Amino acid sequence: MSTEQASDKRQEKSGAYAGAVRWIENLSETQFAYLLLMPALLLLGVIAFWPLLSTFEMSLRADSLRGASQVGEFVGLQNYTDLLAGKLDTVALPQPFIDFSQPFKSALIVTFIFTIASVLVETIIGFGQALVLDQDFRGRRWVRVAIIIPWAVPIVIQGMIFYLMFQPGIGFGANLTEMIGLTSTPLANSSSALGIIILADIWKTTAFMALLILAGLQSIDRSLYDVAKVAGASKWQQFRMITLPLVLPTVLVALLFRTIAAMRVYGLIETVSGCTTVPSLSCLVVTTFSTRRYGTAAAVAFVTAAIIGIVVSIYIVKFRDSQGGF
Amino acid sequence: MGEVNLEHVSKRYEDVTAVDDMNLDIRDGEFVTLVGPSGCGKSTTLETIAGLTIPSDGTISIAGREVTKLPPKDRGIAMVFQNIALFPHMDVYDNISFGLRLRNYEKDEVDRRVENASEIVQLEGLLDRMPDEMSGGQRQRVAIARAIVREPDVFLMDEPLANLDAKLRVHMRTELQRLHKELDATIIYVTHDQAEAMTMSDRVAVINKGELQQFAPPLDCYNEPENLFVAGFIGSPSMNFVEGVVDSNGLQTPDYHVEFDTGQLNDVSVDDTLTMGVRPEDVYLVEDAGNVSNPTSRIDATTDVLEPMGDEIFVYILTGEGETVGMDAEADDAHQLLMSVNPDKDIDTDEDVEIVLDRERIHLFDTDTGDAIAHGLEFAPVEAGPTGTEAEGDD
Amino acid sequence: TGRGSSTNPNVVQWAADDDVRTNKDAIETALHEAGLDENIRLEVLAGNEQTGARQSQYQRWLSANLEEPDLLLVDSGWAIPFIARRQLLNLSDNMASEALNKVNNDYFQGSVTTGKSTDGDLYAIPLFSDFGTIQYRKDLVRQSGFNPDQENWATEGISWKKFSRVTKKVLQDNQNIDYGFTFQASNYEGLSCCDFNEFMTSWGGTYFGSVDNLLGPVGERPVTLDSQNVIDSIKMIRTFIHGNNAPNTLNDFEGGIAPRAVLSWIEETSRAPFSNGNAVMHRNWPYSININGAPKSEGGFGEDLGVMPIPYGVKKGQVNKQGLGGVASALGGWNVAINPNTKKQDKALQVLEAMTSESFKLKLFEIIGWIPPEPDLLETQRARDVPIMGRYVDTLKVAGQNALPRPVSVVWPQESGKISQSVFAAYAGDQSPQQAMSTLNSQITEIEEYNK
Amino acid sequence: MAQTEQTQTDGRQQAETTQGPFQRWVQGSIQDPERTYQAMFYVVTIFFLFTTLFPFYWLLVLALTPRESIINVWFLPKGFNPGVFIEIFEQLPFHLYMFNSFVLALVTTAIVLVLASLAGYVFGRLSFPGRGALMLLILAISYFPPAAFLLPLFRLFTGNVEIFGLSSPMLYNTPGAMVLPFSALFMPLSIFILTTFYGQIPDGLEDAARIEGTTRLGALFRVIIPLSAPGVATAGVLTFISVYNEFFFSFLMTNGEVQNWAPLLWGILGYQGQYAEFYNLMAAASIVGVLPIAILVVIAQEKIVSGLTAGALKE
Amino acid sequence: MGEVNLEHVSKRYEDVTAVDDMNLDIRDGEFVTLVGPSGCGKSTTLETIAGLTIPSDGTISIAGREVTKLPPKDRGIAMVFQNIALFPHMDVYDNISFGLRLRNYEKDEVDRRVENASEIVQLEGLLDRMPDEMSGGQRQRVAIARAIVREPDVFLMDEPLANLDAKLRVHMRTELQRLHKELDATIIYVTHDQAEAMTMSDRVAVINKGELQQFAPPLDCYNEPENLFVAGFIGSPSMNFVEGVVDSNGLQTPDYHVEFDTGQLNDVSVDDTLTMGVRPEDVYLVEDAGNVSNPTSRIDATTDVLEPMGDEIFVYILTGEGETVGMDAEADDAHQLLMSVNPDKDIDTDEDVEIVLDRERIHLFDTDTGDAIAHGLEFAPVEAGPTGTEAEGDD
């Protein structure tokens, strides 16, 4: 003990540092929590929250197409009400926000179709891939790279691959769709183009799911499987009763973020079919911004966020109990 | 139904042989305890029986069927794990009922069995707790209940009572014995607790460095240990060992001479070095030796450390010139004896005492091989001495 | 380096494109030869090649009052909104009058109007012009018994009817060729600004009543998309794509001469089959003439490449309104403007003035193939001597003189999207031409009204 | 462990019998369902490999096909033009764009991992008032399309925002203008991943570390983070890759000059003309650009994860 | 230096009070053991001392300094955890040296100390193993070594020997005692093992349901338990309890009468219900009672179950009409006594025997409150009986 104290003294040479450490250690749990959150909150405050507030302010103003200033006079929530009432569908938006008569042209509907289809398939396949990668077998590292690597492909390239593949006269994809009795110009048709975009997204983004779920799988205490094996659990039962519930928090995080990201899909659409053929909510935001309707665009951005927020709330309410961390 | 047979089972890791040519023949319904020092391969043996580890060599059969490579679930066993391993995401009820729900038991039946098991382990009020809200002992009880509900033919238990307090341990011990009887199940049990090993088991398997040392009923191991290792391992506190040299009428240790009839021993000749073993309760103060039918001659000694235990006192005594009991006990072995006396005995440290040993309870071992030579010695100056225990009598 | 402003006061930063950057040294020399002060040097930013992205980029730069770049290469397709917002330097107020006059008088008028404000001030001078033309396989056409040279297709153009017959015949004569006519009918900006605009105009139709109204004023011009001429142009394209038996087609045209694939093609995707010898006719910009007209040894068609103006549906003058009918080329090309925040306005102006010199424009034609925005220059020997492009200057001149300014206004992005969608739907057969155009007409009217 | 051994012994058994191979297999799988699992496992693995790798193969086909022959490309290159992999470097300093991307991604990943680790620790292991609300607030950032941030951020980074009378720093065309938004945008995901992983570490281990003399933060860095290595590695890899391939701010926060920290995206777009698109060059560049990521994945996933978590989470 | 004081410390979870108004006054250098049933709050108490749990109420001081809210690292303590808690990502060497490396000890010093500590716990060859490559006992030894190397003023140990085998346990026990002496450190020790509690501690704190029951030297707890709980908890096997009604000259239990001088007891009057407690070793067969100075009168009984333990035999005997020892022992309490006899005693089940109790070792408790009334009884028919232990004498 005398030695320990001696060496503690040795440490004390950097007095200010030691003082800071002591101060931190003596903080209450709440103070400590906020102290650690400070850097992240600071960064997010300046780089995320402030711009969003500023954009929100923009959304309360009229568009200004002609003047040098970016936005016009203050109009309150009119941009929002007009948008939701469908008044802007023709005159200010490139595509209708929601129009049931042409579902594949409505940003909201297209976004939902894309999100549900891609996230669902990605989760299932990603889970399968993670399970494969969790096994020990020769060459696992290469299979792992192969499975993860699509995630590393830049969106421009991902888009280009599928664009060219299904471009009649260039790739073979159009011939395939024609052979199976679909259209010969799959990219020119809203529904088939959406299908191709979903396919492209699944190809690339399943890796994200697989990677996260794999990490979750690897954190499971292996001895639990021993217990289950002895208790008589078949492989499937081990999966259902141990693996699944224990990776569920991870899967939920993955699912949550995939859903959010899918609902904001833009770059892929732009490169594969263009936003006119397959309009998503983000397409709407970007195109509206680029036509310099800043007020309207900001409102669309916030409505998009609100819709995503609603979807997320449904997730959170549904899975509150499963240790997701809220 | 529940016989378990291990034939030449070995398990090697890269640099360790955890289990070495193990042969065990466990009868249906038997309660067998595996004991041995830490790291001797008890858990590994259990795991090979459970099917969690595939042995490097040898075969395992359960109920007459070879199961060496069968998955655990097809072996009809239940197991309590040394590291407890509760499912962190399930409450106590779900943990306990896990195996039953796997087999689609009806809700009522599951409830009934869980209730029953949780009563046995005294967990009644805690069924909806999560594992991380419980004390160490409570968790261990959940682990036991999880095995109990299954009512299999063979139970494997790896130190199931390690974290329980004495009272609960005794209770659980009785419960397990009752279960054993009621279910008529085979139980293979790993423990560090001598009392458990002694009271519960039909037979004890003493293991050292992966090798089976003795497999016999507990009292046999206690009274007739087959070798030095078993003798030293079974019994707490441990048996006293003193090395000596055989002479014509007994054994000469550094400090004293123990007379006995050397003729009774086969394969032993004068000048051989033997190790004598005697348990603390077989060392007597001369004044207490009234009941001992065949005591050795008196040995002068001094008391050293006293350890009062409540129901007895352990007295470390020094024979001959030995200093105070050092920490590296080995070196002092020859000069030191541990003796147990009555708690109301009026005894003090550094007192000069005279002691005798109960000659019928003295063990002799070959110092080199460690093998037992005799349990209980005879001393009859006249050749015709029909009294006393038969030496070498292993019955 | 290039963030605040360049440390060297004599270096003018020009946001241009990769071609300019690659040829920076030659361009600098050409400018100096054209009289620019030898001390003034260029620094070239390649910027983004996607015109829409470039537009947004400039938008951000100018809104953020960045001092650099000093010079901006702006697309004639979207210079006007910047001018409307006064985000570019007014050249009429600042540039030497000699240069101003040259631009105002000698340049292709279609090009110049894309750099002017509504009150006639000049904000951006054309650097080069682009016109849509038809490229064709002269060798195959000849083999099938036509005489493009004798009939002067190159300068006089042909009618769509003849065009369809020629294409059909060549197709029938060459079984190994899959496609007749390849062009761009994907649902994108290029359809509304250019392909459709050309087809429609060649049939005597137009967006807003007359060619003069293309640039505005918004809300005060008639919307004439439901006229029969427009619908006929659509029917013609439908005939080309779907054949004569499909509904809403024209019977006296040869049908089935364009693949359905045009519906998903843009410039490069439609060019690929033609360049590969798998198509007879191809509509595109001059850049592709350079590719397709390359010597055979380099994979091109060499002299076998023919170029002609976009065919006409009705002859000029057959329709009442001025400027409609006849051959019509969509106008592309890029202008140069000055960043009003620049700290080097003088030097930037000097560079701009040097750019108006004939020698510089011809030099650009030689090194990059950029067509001088001045009809007279195309007739010079120096222009004719340019490899490949020099062979086609006559056609280009005709096209330039019949160029349709882009219908650019502040609401054009809005309208363009609607137009391309409806036209695409009509071409593809999702909607009948009448129906599509009447919907479109009311949509465009609505947009015009809303943004008056 | 047990599994691999089992397959080995299976193999031995198989060699001993003398039936026809298929018969043997069928019989073997009836006796030993493990083997059926094995077979299924390989089928599934091969399927996954095929589906993920096919587009890459096609990308390679595209790259090797000379530009003028990119027409009706099926499964074999039309022509063979390996020179394309040299050409991409002749046209542009592609390696420098990659280098920029690498630096940006590394810096961002470092920032994100540090800040998100702190936040993940707080959210995963501490309970305090406002926890849920703060998490939702941070999550809410990711609801917004990046475009929603752009205009204010651009003004901020070009010195057009006044803070306390000082104009904001001119970050445009510097790494800061990209790293900051990247960090803010990718941080929520990492925070959530790490929250989940840190929350699962048994309290006992943190307790032990603190008793041994670490501070609360020390326990985080010495025990919790190493034990969550799969999660940290995953968060790191995801962030790195996301930044490496980022589409929006990479494009807008620099003028595209390689010396102004223009990232990979600009390199790839550099092969695009106004009309002409050099698909073969873009494809080759993509393959080259993706290679470092492949290496990273090998290193990060194999070394970090398996190296540090040999024992998973046993107590 | 190493005093530890707990004043009114409580710890409440939502629905459980784990520690309830605990007061402990631990002297510098003392070896204190916490014992009590599973879930009684031992670990929680230790955690509040360590600083891992902040008590809901009360204050804690170490070495005279209040530390209630100080972080663990500033308390000068080392701790061995009940769940072992080895760092799974470090090998044994790194686990042991973790605390030293944190404090920037020199490499040599670290090596020296690790070597030393690993010798003490007999881990020499295993320094580069990972935790998951070791047996349960080996892991526990690493955990102990990790605490030892630090040589702090106060050691907290939560069942450090639970997974060790008997022999090693005895060895470790001696080692810990030696360490205790050498380092002059305060040790606060949680155990379930009676022998450990008895032999190692200066004082034992008996806890039940979060409340401190008795805090006294081990033999005091054994011989003069302050209440029924302590009496039943300390000692293994447990004390026999029989309820009875006080009459004029003793206590009448359902089956027999124990005479004693009721006058010696304060606050007890005729017809009160008391609980008598007597330990198994204080129950004698009449023929063995020669040494007992003050036996009760003879009680007729029958032997029931026998549990031979090697060094003694536990005999369950039935007094009166009681049936065979049932499993729900409570109901049979009144008719049943557990007796310990010599292992060489020739005794059988279902034998009729006569027994006596050692009157000086009988304890009386208030049945309702559980409080002790007397330890050792007097019986002198004549009022003037100065012999025998003083009742109520707690000295």
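Think of it as A, B, C, D and E in the order they're written, each chain with its own count starting at 1.
The definition used in the following text is that contacts are C-beta pairs under 8 Å (C-beta built on N, C-alpha and C of every residue); 3 or more make two chains touch, one makes a residue touch a chain.
Note that the coordinates shown come from a computational prediction; the quantities given were computed from them, not determined experimentally.
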Shortest path length from chain C to chain E (each step joins two touching chains)
2
Chain closest to the middle [Cα centroid of all protein chains]
D
On a CA-centroid basis, which chain has its centre farthest from chain E's?
C
May I ask which two chains are joined by the most contacting C-beta pairs?
A-D
Rounded to the nearest Å, the gap separating the Cα centres of chain B and chain C is 97
So, in whole Å, the Cα centroid of chain A is separated from that of chain E by 58
List the centre-to-centre spacing of chain D and chain E in whole Å, with centres computed as mean CA coordinates.
57
Residue ranges of chain C touching at least 2 other chains are 56, 63, 272-273, 278
For chain D, residues that touch 2 or more chains besides their own:
70-71, 150-151, 202, 215-216, 269, 309, 312-315
Interface hub residues of chain B, defined as touching at least two other chains
52, 71, 83
Residues of chain C touching chain A in the complex:
52, 55-56, 59, 63, 81, 84-87, 179, 186-188, 259-261, 263-265, 269, 272-273, 278, 410-411, 413-414, 417-418, 420-421, 424, 428, 443, 446-447, 450-451
Residue numbers on chain A that touch chain D, as the complex places them
21, 24-25, 29-30, 32-34, 36-37, 39-41, 43-44, 46-52, 54-55, 58, 70, 125, 128-129, 132, 135-137, 141, 143-157, 160-162, 164-165, 169-172, 175, 203, 206-208, 211-212, 214-216, 218-223, 235, 249-250, 253, 256-257, 260-261, 264, 266-267, 281-282, 285-286, 289, 294, 297-298, 301-302, 304-306, 308-309, 312, 316, 323-326
Chain A partner contacts - residues on chain E that touch it in the complex
1, 69-71, 73-74, 76, 103-105, 109, 150-153, 183, 185
Touching residues of chain C toward chain D in the complex: what are they?
1-4, 15, 17-19, 45-51, 53, 56-57, 60, 63-66, 69, 267-268, 272-273, 275-276, 278, 284-285, 287-288, 291, 299
For the complex, which residues does chain A have touching chain E?
1, 3-5, 7-8, 10-11, 22, 25-26
